[in-house]
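Labels A, B, C, D, E and F are assigned to the chains in the order they are written; within every chain, residues are numbered from 1.
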């Protein structure tokens, strides 16, 4: 059991039932997520000790968010509670020819407004093995960007390994800002995670679903940014209900997972499951081949579980990776 | 924004949850629909002004039906409220090898019993651009047939364009009666809409999923009945959960849409979405190719939305038509 | 049928099921409300033409809010759609010894940020009989306060009657600011509506549940502010599940309603139902005694209906006012 | 275990969730009931063999109705299945000051249209001890009235005891028609059941909640119509949420139950629970005092159970009659 | 209408909603099932008289189980009610790459603890045509094994035909115990039902999805155990959401069904639907080809219906077997 | 923040919706509870560090139970996971004249079967301030009784204060066994908690709702068993929907709370809320008067919250204790 620190905003997700549209729904499910928190939950399921650092409002919704993480064993004792609002988003699941849709309402949230100085960074990182961040946090504004930067520096100073999932979001910031930020962060990053069709943010061509091209791109990134490892998620979006998912991992040599076909039940958080699985593999000495298949299978598995975050054991992912789909009695 | 008048019965649809049978359900969802009302709702979504003419009972269920249309911006001020009952139907969604099932209970409804003289036809048509009708209305009895006929004549007199969706329903009337009625109505019709496997009601062979045969049939109808345009929906029913949908449009020359594959969430109202999209395209000067693809995509899109009626923007249909199925953030 | 204009923010209300707390709920019902919008919906139920003026975000949630009003026949054609967020609040219903709780998240909403110049005030007021406002709107900031002021002036200029429901909310602004604002608005107000325990905002002692004291207070306000009428809601809060409600009306002489005992199902919007009923009574020439009983019964009735807004006919309220509680077949 | 035959229409009841109105509901619960079927279900719970005779449509809804009775052990083997529609009603539960509301849609149902000759009356009555009927059946039309009459005659011929619950429904027939019919049926009736405020249909003054007046009325009916027993339900309707219920029984001497106070969860079918309990008491030799308290408690008990029909053991009713309301572990 | 006796445990199944995991669910659906009870329910749907023999606890859950069978017309009058607990299981539906999961909690249930002598075997078998058993019952312990044996002997003595569905469950007993038991029972069995990949329990190689191999295996079993007929279910598990199903039947010659592709909604009870359909075919003189296609289609059909047990008419299965998947109006 | 250890079984509670009976429910809510675990959850809400010791099965249901406690901040790291089953119970909420009902199915659960030696008692008690136990644990069998005894001894040895809530359950053991056990445990107990009508288990007369008699009884117990404090819950059960609750506390002198009237939403766990509140008061130096009112109000508050356990702040209870039932904005 390793201790992994994740840092990021926790969002309330409000989504209508299957096949209902946001514009007419009268009942919404309420779950909590956020890229880095999802990674924490998944890591907890895999048996790691996950500590999530965030800022939440001092109101019942902030408490609900904390409860949601605690439920899955994530250590929330480092979360700060401030005046401010709960970031949230509305999410309409897609189906077949109809694309899913996300409406963000996260501006000026408790997390976005909290100064970096508010967080007990040294205490939180004390005794930890790894720090995981995503590109969403610096996209939320100056304060969150500073938090990202400070955390990375503090972590490297203390000898932790670090990972960054780019998670470039065009609705949060411009490509040029994102690029500049990522380039300034990468020197402190050990493991870079990105999607194969989001590579141009780092100056490469997108590699799409061509796994060899993905492997080449990962190798280039590995060298260019002196990374310990690069992991790419690969998604073939056949329809909003059916995708094929794979992964590529480069840690000196290239490792390619099989494609996993999934009928999509809830696609949000798939990349976070990939990241968590990859970190679990990395921290526990999986071979590169094992790591990438485990991560790609985790991504696929998440697509079958409702909610942003997924908390299942590594054994269940491994079983899925082996293609065992018969009912277990 | 054009003003389109639709006329037809509004039905309460009662349906059990996915996978539950009518014979054992203890909870039913309650939505309102009806072929022509569905067209009105979809047109409202596309930005047209839709005015629906109907008769509803003077009781809370009639009010509920009116509320359901108002919610989507349909003008219900021309609806008459009478003593009488709410027409309704029970609908069990199909799945895979199990066909869906509809049990109608619409006989002697407020609409079926209302004499044509009850409706404010001239006032309703005043200022309108187009009148849309379906073959279900005349199938409901003498009074509704007279309403159909009067509305068509009045519309033509006032210079509106008109459309008729055949919607032949074997459970409502005989083939011979339907044929006689349709033949008598067609002289006043500008746009004829039908399904490719329901053409024998007009004396042609059904064209099934053979798109060239469909195009030939549309051309024949176009000539024979001196129509401005003919549109055919094409459905390949692979299973009760999976269909492939296309459309053919003939407006002097033939236009053929691609096939759209859909995992079915709610197939009722697909043809009405097709009709509404086609009318929107017609009224707004889409090219024939654009029109038929837009209409076929709307049909597919409707299969992914719960309820009889669908209210989405034209942009969303166009995006689906272009095959954009990734989540929109 | 009179035309009444209401102006105010529409909020999304998210609330857990009965007996569930916000801090642990995983399913939330989604309804739309807002003091003035609730008045519009109730007036529509009573048969008036209600036009609601507001600003809503250009996204599916803004559309959902508009749909929610349209469903009940409110004219939403004057609503402006802007970039911006949907104001919302979380609401935990109380029960017995446990008080209900509201967590607002409405700061910087589309409505709060919209400048007064954005609204088509002259067009909206054209042909209207009455303008209704509440003290919540000026509490939302300078822009909304200006909108309130402009609307009142414009309305008086055009000869409309006007009403203001104080609705003082301590969480939105200070007592002194509210007082100053109210005093500046009252010269243009014909009908003042307030709660009997919120009178100190106007410099009087709160009258609580003492109906004679309420009548005296109403008389004082009537004279002091040269009003056509003053209406006070009276609430005895026996527990969070059981209240006794009454009203006092002064239009030159005092009118006092009976107390209506209610087992509370959803208490939000009770005061708005009171206001709407009072306006309906005022606009349709009810006697003072009829008016106040009708309004108090509407308040009680609303406590038995789920949601912020209630859309029922005047006959139903009158039947409740007469104490008819047997099942109607 | 006695065999009791009940005859009457089975209706589908559609009702919105607590606090939701029919005019806006999007989800309806679906239960089956009908006065006589409710009696059959309750008798089955009390341990009798209940055989229900009815006509149901040959479609999934008719099957659902049959399943609903079978679930509670009612023998449905004598039910005939015909072409025709399912009778149904919409039911909005009341609350506090808001009266409940029922919208019937039962005209021309399979039952109302079935000729008396269709039913296997002799076979159904063979071996039975008692026949129970209600005044709703003859109110449904000539055919159902004939069925009532034939069943009564056939039952008396075979030596069964008989009971009639007047259940006068003003929405189904006129007072004069009902009176004439009841007077013609009473000679074959052994036990008359009525509500204390529905006595004027038999030419008496309503006795309301005055238990002595009820006892006197019951005695008068007993003598006038040569009955074996008369049972009256007494309801004080404090609000739509809170009633006080009692019963009076005259079998040569008067027996009066205590009043049972009930917070109402579902008031439909209370009278049927009363009737069933009274018949169970009658058929099993309860004393008059025991009988009337058991019946009044069953009425109260039903008000706490969702659905038209209630299937619980006699022990549970007896426990409630004794005022045992602590949790049973 | 033949009378078929089924014997076996009835279990409460608790399962979370689609996509929710047992470890986080807060709402569970409650249905009742059990291999043999499922066969009884399906046979009742096909028009046979099904009598189910079991032991249930004397508490509300035992009553609920009985109600669940009665609802579908199964004769439960032979069920004994004892002190003891309700056997139950938790069931998490699988999806795509995620296998479904069953957690049993059936040890020491009322059924497992009831001695064979408790059951009214002679009375239950009196007048019956066929006895159906499954290999789950003897796996539950000595008492249940004895019940199985006694029932088989008693049935053969009375001239009933008999069937045994092996249903080998590795979690209930060892392979060697199961094999010994099955071998001792087979001399009294007329029809053997098994899955094509569970044949090694009888000493054969598993035949998987190779239909010719299945036919050979069935022939071998037919000869070796002097059976009247052997039926094998064949499942190709493409994913947890998509299977292809077929059947093989040997009654002197081999009969092979087509493969039916199914999108899985609820896979539990598919084999029981197969068994019931096969028995219905056998008892009503279907040809071997008809029998096996009917049985395989019933298996597929069950996969589309929620719950362990399915109650539909034979016509619906035949329609599915013919590939009719269009909506039936 | 004090550390409190609680020890006891965690049960899955399955309950139908309001007004539905266990014998017919098709949907059950799933929550986790257990007297001592409920105390832990409430203490966590009040700001204490609560550590719960228990044994849970190594399966998804055991995980679900652990998740349920973690969600509310209870430290579950001392829980042991064993082979074995999840204890559970079915719970039908009462209403008005209908008593609630509990059907236990907890025999041979993982907790009941776990030997005392399995638990890390010394480690768990290390650093703790207080140990809380209930009389349910020793009632579950020899092993659990030994655990209770060992924990008490170990706690006293380490200088912790201890409390015991008698919670006598007639369905688990006999009065004589319980009495003997309680008498043997009391010497190690500091705070005794009991219900005023369960005192005869300790040889006193039940004191019912007579608060002076309760005070006298508490004083007698205080002296007789050399306790630091005695707390009694007092319940007047007006109906299954309405109770009046109070408390009496004796810590050298008598303290009596007011009666709190509650409309009951979920009465399970009220006594546990009382115990937790009392412990919080005791550990934080509340005065005796404050303590008993806080505890009685917590009991009442719990009756308004769904689920066995309640997690709210002390401020909310204090507000309820002050009778503040108006909506908090």
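Convention: contacts are C-beta pairs under 8 Å (C-beta built on N, C-alpha and C of every residue); 3 or more make two chains touch, one makes a residue touch a chain.
None of these values were measured; they are calculated from a predicted model.
The set of chains touching subunit C and also touching subunit E is given as A, B, D, F.
Least-squares overlay of CA atoms from subunit B onto subunit E yields a rotation of 120° to the nearest 5. With respect to subunit E, maximal separation of chain centres occurs for C (centres as means of Cα atoms). With centres defined as mean CA coordinates, subunit D is found 44 Å away from subunit B.
Measuring from the averaged C-alpha position of subunit B to that of subunit F gives a distance of 61 Å.
Our note on geometry: subunit B versus subunit C, Cα centroid distance of 40 Å, whole angstroms. Chain contacts: subunit A has residues 18, 21, 23-24, 26, 67, 71-72, 101 touching two or more partner chains. Remark: the chains found to touch one another pair up as A-B, A-C, A-E, A-F, B-C, B-D, B-E, C-D, C-F, D-E, D-F, E-F.
By the touch rule above, subunit D contacts subunit F in their complex via residues 18, 71-72, 260-263, 265-266, 297, 300-301, 303-306, 311-312, 316, 319-320, 323-329.
Within the complex formed with subunit E, the subunit B residues making contact are 17-21, 23-24, 94-102, 104, 169-171, 237-242, 267-268.
Residue ranges of subunit D in contact with subunit E, taken from their complex: 67-68, 70-73. Those residues of subunit E whose C-beta lies close enough to touch subunit F in the complex are 14, 21-31, 59-61, 63-64, 67, 85-86, 90, 92, 101, 103, 105, 107-108.
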